[in-house]
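Below are two complexes that have chain A in common, paired first with chain B and then with chain C.
Now for the complex of A and B:
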């Protein structure tokens, strides 16, 4: 296994995070860093602590020890400022079912004090490939994939330097997954720091420059893309299923 | 989601409130609930205002007619006029059109006659069809009982819905704090409450034109606004605490049932237990027994008046009642009426005292239910509470006593004793035993007026304090909950 040596500025810095929920240790001394322009995938099975790691970075969970630092600001002390820098895509992309895609995006952006024109929202919806005839329909009539695409469009429109993506391709069809991965890579090229948590080994290998393997709340190893090549899927898959990284 | 007061943003709150309204408009249930609420308040206010004008006109007219009929009676024996009697009517106070209070149970008309204190009659609840005995649909009932239920239907999911659909995390990720979220939801519900209160506020113009003071009207409206605000705080607190929509709704429905339906009944029952009062029949028997000991005021020869006769003969230095410079029968009626009234008043005051003590205990339940607190405040400021009804009873009793005694005075001084004693011997004798109709001008014009506004405002201070305590308590509870979830 190759270890990454970082040269770009660090956007996300998880420092020995310990998080306990309902008297159960979910994160156990979890440490990792994500630089700007980098896609980092936290890979792990169910209950490994992936979503908890994201929610801790967002300040939804308070660590018992350790700290999360975003662009040099500690989450525990500068939450409001940090949330302005982060676009978050939750696992179950839940937007308002009574609003249509446009209204949802406009409403949530307005809460974040981000102002976008209709044209910009249209471009974003086109970018995520949401059918145009669905734009004015309420989300209650959307499929899971369509809701996911709307949430992705919202996350993109935040123009945030940091993206936290929780199982972002869940519910998307293969074509849409491919398009989404392209989008993520292009955002990283534009300088965004992207942390995605997933159990999709192939998807992670396709987009991430580094993959952290999470088990029982602790990072048990990292895979780093070598030069312009993708991380070897088979090697990651083997380690993921075996649970051991040598 | 940490947030302090400095970070409260009115624009964000407005956006959240506006979106909640958008949700309600697109959700049929909420729109139906809102329409029912508005229709109920609007229609009851319109109907009640119309009824109040009609009632005031009818009762004013009836009062005038009753006085005129009494005065227009021909020459008669004065004691026949004592029993001819006279009706008095309670004209509703201006705010009575919104909250008829105890008037709908106690009655609004009293027949005044000699030797008796009749109860008020023609209570709306007694003369209406059977179902209205459960509570007529007045604006006060709609706002005190139905409006909180409609707010529950509209608001139970304001926060629990966000939690259930997991939009809370998206909202938080946009940098939105719980404080702004909760204040936004409160604003949305407050707008609903104000819409429900709008017909009441509009009726305030009519109320003011009817002579109600601005102070009382303001206190009345503030009380209702405070009450609905308390419900909003309860709704948002429970919606914030509940893990799901179903838990939120069932908890709020139970809370409404306890606070608006059960507690007022419990209050009345407990008051009845704390201050046991004898039934009407029991009291009537006790009064009758005591009155029997006084003797029959119609019969001057009754042995109860032997001493009175002796004293009077001695005072006027004569040997026979026929030689007295006054009509002994009239004098007996005068004295008898005073004694009877003294006993009747004692019993009436005891009964009113009992009622007030019961009412005192019932009103303490305002510390346990905001509905009880508002009901008390509403009745007291409207001038339709028990105290006002008691004042009506005292004023009418005063009127009764005065006119009966004036007639007895005329009987004593203007009708010859011998003519009086011979009145039943022949028709001609009966004609002689009469006095001029000019003597019937003994009725004072009666118009029942509300208590001064300051007095009513002072009476309403305790229920107002109860409402403020509820408001403060749930305000703090919600603030702590918000901090807990932040």
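Now for the complex of A and C:
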């Protein structure tokens, strides 16, 4: 296992985060960094603390010790400024079922005070490959994957320098997963710092330049893509299932 | 700001359950206004009918009875309390306390309390009118509309996405709450505005009621939002708020009413009526001089006119009628005093029961409360007293009584007040 040497500006900096929920330590001195133009995957099993880590970065959980810094601003003190820089894609993105994809996106963008034209929204929906005949249908008629694509389109439209993705490919079919991964990589190339939490080893290896393996709230290892090659899936899978990092 | 309001308004219109709730509020409010308006129209019609009947009756009586004694005996005088412009919105106690009496120059208190078969203030919930809708039911609608604004988003898994996406909490929750609050308020106030136009309510009163209603609903909205922040479970929030509503709408008022009833004794109207009749009937069996001697204690100017040459004289008859009133005056005073005390104590209880406070405010504005009912009673007494003072010189001093003197007879309209 190799440690990456950071050369680009650090966008996300988790510094020894300790988070306790209901008297249980969920994050235990968790530290990692994500640079601009980088995709970082936090990989872990159920209850490893992946979502808690994400929610701590989003300011929903207050660390008992340590701190989270986003683009040089501490989450504890500059939350609203930080949230403006972040696009967040939750797992099972529940948008409003009575609105169609267009209306949902317009509503959320209006909340974010982001102004996009219909044409821009269309482009975004095309980017995520949401079939055009579904655009005007209420989300209640959407499959889980279609809802996820709508949420991804929304995240893209935010034009945020930082993307936090919680199990982003959950519910997507293999083709859509591939398309999504391509999209994520292209966003990273454009300079976005992308943190995704997932338990999908294959997906993480395909898209991430670095993978942090999370267990019991602590980072137990990190894998780094070497010289433009993908991280070795087998090695990560072995470590993930064995629970041991060499 | 308009952009956010338009966004949330369009969003609200897309939520069928919210739209149905708003329509229900509007329908209930319309029904409340309609039934209140119909009731007031019926009261006006009754007054007009009584006025017509009174005119006809007066002509017949005046044609038949030429002496002051018999005219005073047979002539009924119509008294009534005209409903105020706002009465349609708050019928108040007008269905409990009489607002019309036809009285004669006999003993009065019995005539006033003839219809009082029970203490009317025992009744708690009156007719379904606008004041009932606003004070009692509207809080439930506020709770339904606002309790889960945040909790519902959590339950549906949208909370984090919304919070991270929105540019601020005012943009996210503030406008949504404001639009829902305004939509709810408007759904209930719009029928009131139509009712106000139909009843010629002055603009000042319309504004006053609007401010009062908005302030009251804002209180419930603030309470709902505050409770809403204390828990993430919508059913728990709703249950807590409904529990609070039950406490301030039912438990506190009923307990308070029971305590007041237990501690404040109100003479029964029927007691006043019976005692007075007893005194008046007894007067027939005692010497006329006894009654007249008692009478001149309050009217010393007639001391020299108490002799009776015949077995019956109207002056004696009306003297003992007045004595009947004097005999029950303390009871009537106690009655009014007790009613007022209960009203005042009810005011203290209302401090802890906002629905009661709201209803009192509205019925006070509409002049349909106990205070107005007692004022009407007092106006009858004042009028009746003026009638006595008008007739007594003709009865005791035997002044010439002819058609020209009828023009000086007091009219109730000169004493009427809300």
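By definition in this document, the second predicted complex is superposed on the first by the 246 of 246 C-alpha atoms of A that agree within 3 Å, B and C clash if a C-alpha of one lies under 4 Å from a C-alpha of the other, contacts with A are read in each partner's own complex, and residues count from 1 in each chain.
The rule is short, and it goes like this: a contact is a pair of C-beta atoms (placed from the backbone, for glycine too) under 8 Å apart; a residue touches a chain by one contact, two chains touch by 3 or more.
Just so you know, these numbers come straight off a predicted model, no measurement behind them.
Novice: Clash or fit: chain B and chain C on chain A?
Specialist: These partners clash in the superposed model.
Novice: Scan A:32 for contacts with chain B and chain C and give back first, second, both or neither.
Specialist: So A:32 meets neither chain B nor chain C here.
Novice: Which partner chains sit in contact with A:107 here, chain B, chain C, both or neither? Use first/second/both/neither.
Specialist: A:107 contacts both chain B and chain C.
Novice: If we overlay the two complexes on their shared chain A, which of chain B and chain C does A:99 touch? Say first, second, both or neither.
Specialist: In the superposition, A:99 contacts both chain B and chain C.
Novice: Name the contact category of A:60: first (chain B only), second (chain C only), both, or neither.
Specialist: In the superposed model, A:60 contacts both chain B and chain C.
Novice: Where does A:142 make contact in the superposed view: on chain B (first), on chain C (second), on both, or on neither?
Specialist: Neither partner.
Novice: By the touch definition above, which chain A residues appear in both interfaces, chain B in one complex and chain C in the other?
Specialist: 55, 58, 60, 80, 83-84, 86, 88, 90, 92, 94-96, 98-99, 107-108, 110-113, 151
Novice: Per the contact definition, I'd like the list of chain A residues that touch chain B in the complex.
Specialist: 55, 58-60, 79-80, 83-84, 86-88, 90, 92, 94-99, 107-113, 138, 151
Novice: Of all residues in chain A, which touch chain C in the complex?
Specialist: 55, 58, 60, 80, 83-84, 86, 88, 90, 92-96, 98-99, 103, 107-108, 110-113, 151, 154, 158
Novice: Spell out the part of chain B that touches chain A in their complex, as residue ranges.
Specialist: Per the stated touch rule, the residues are 1-2, 7, 12, 15-16, 19, 22-23, 26-27, 165-167, 169-177.
Novice: Could you list, by residue number, the parts of chain C that touch chain A in their complex?
Specialist: Going by the criterion above, the answer is residues 3-4, 7, 11, 14-16, 156-158, 160-168, 171-172.
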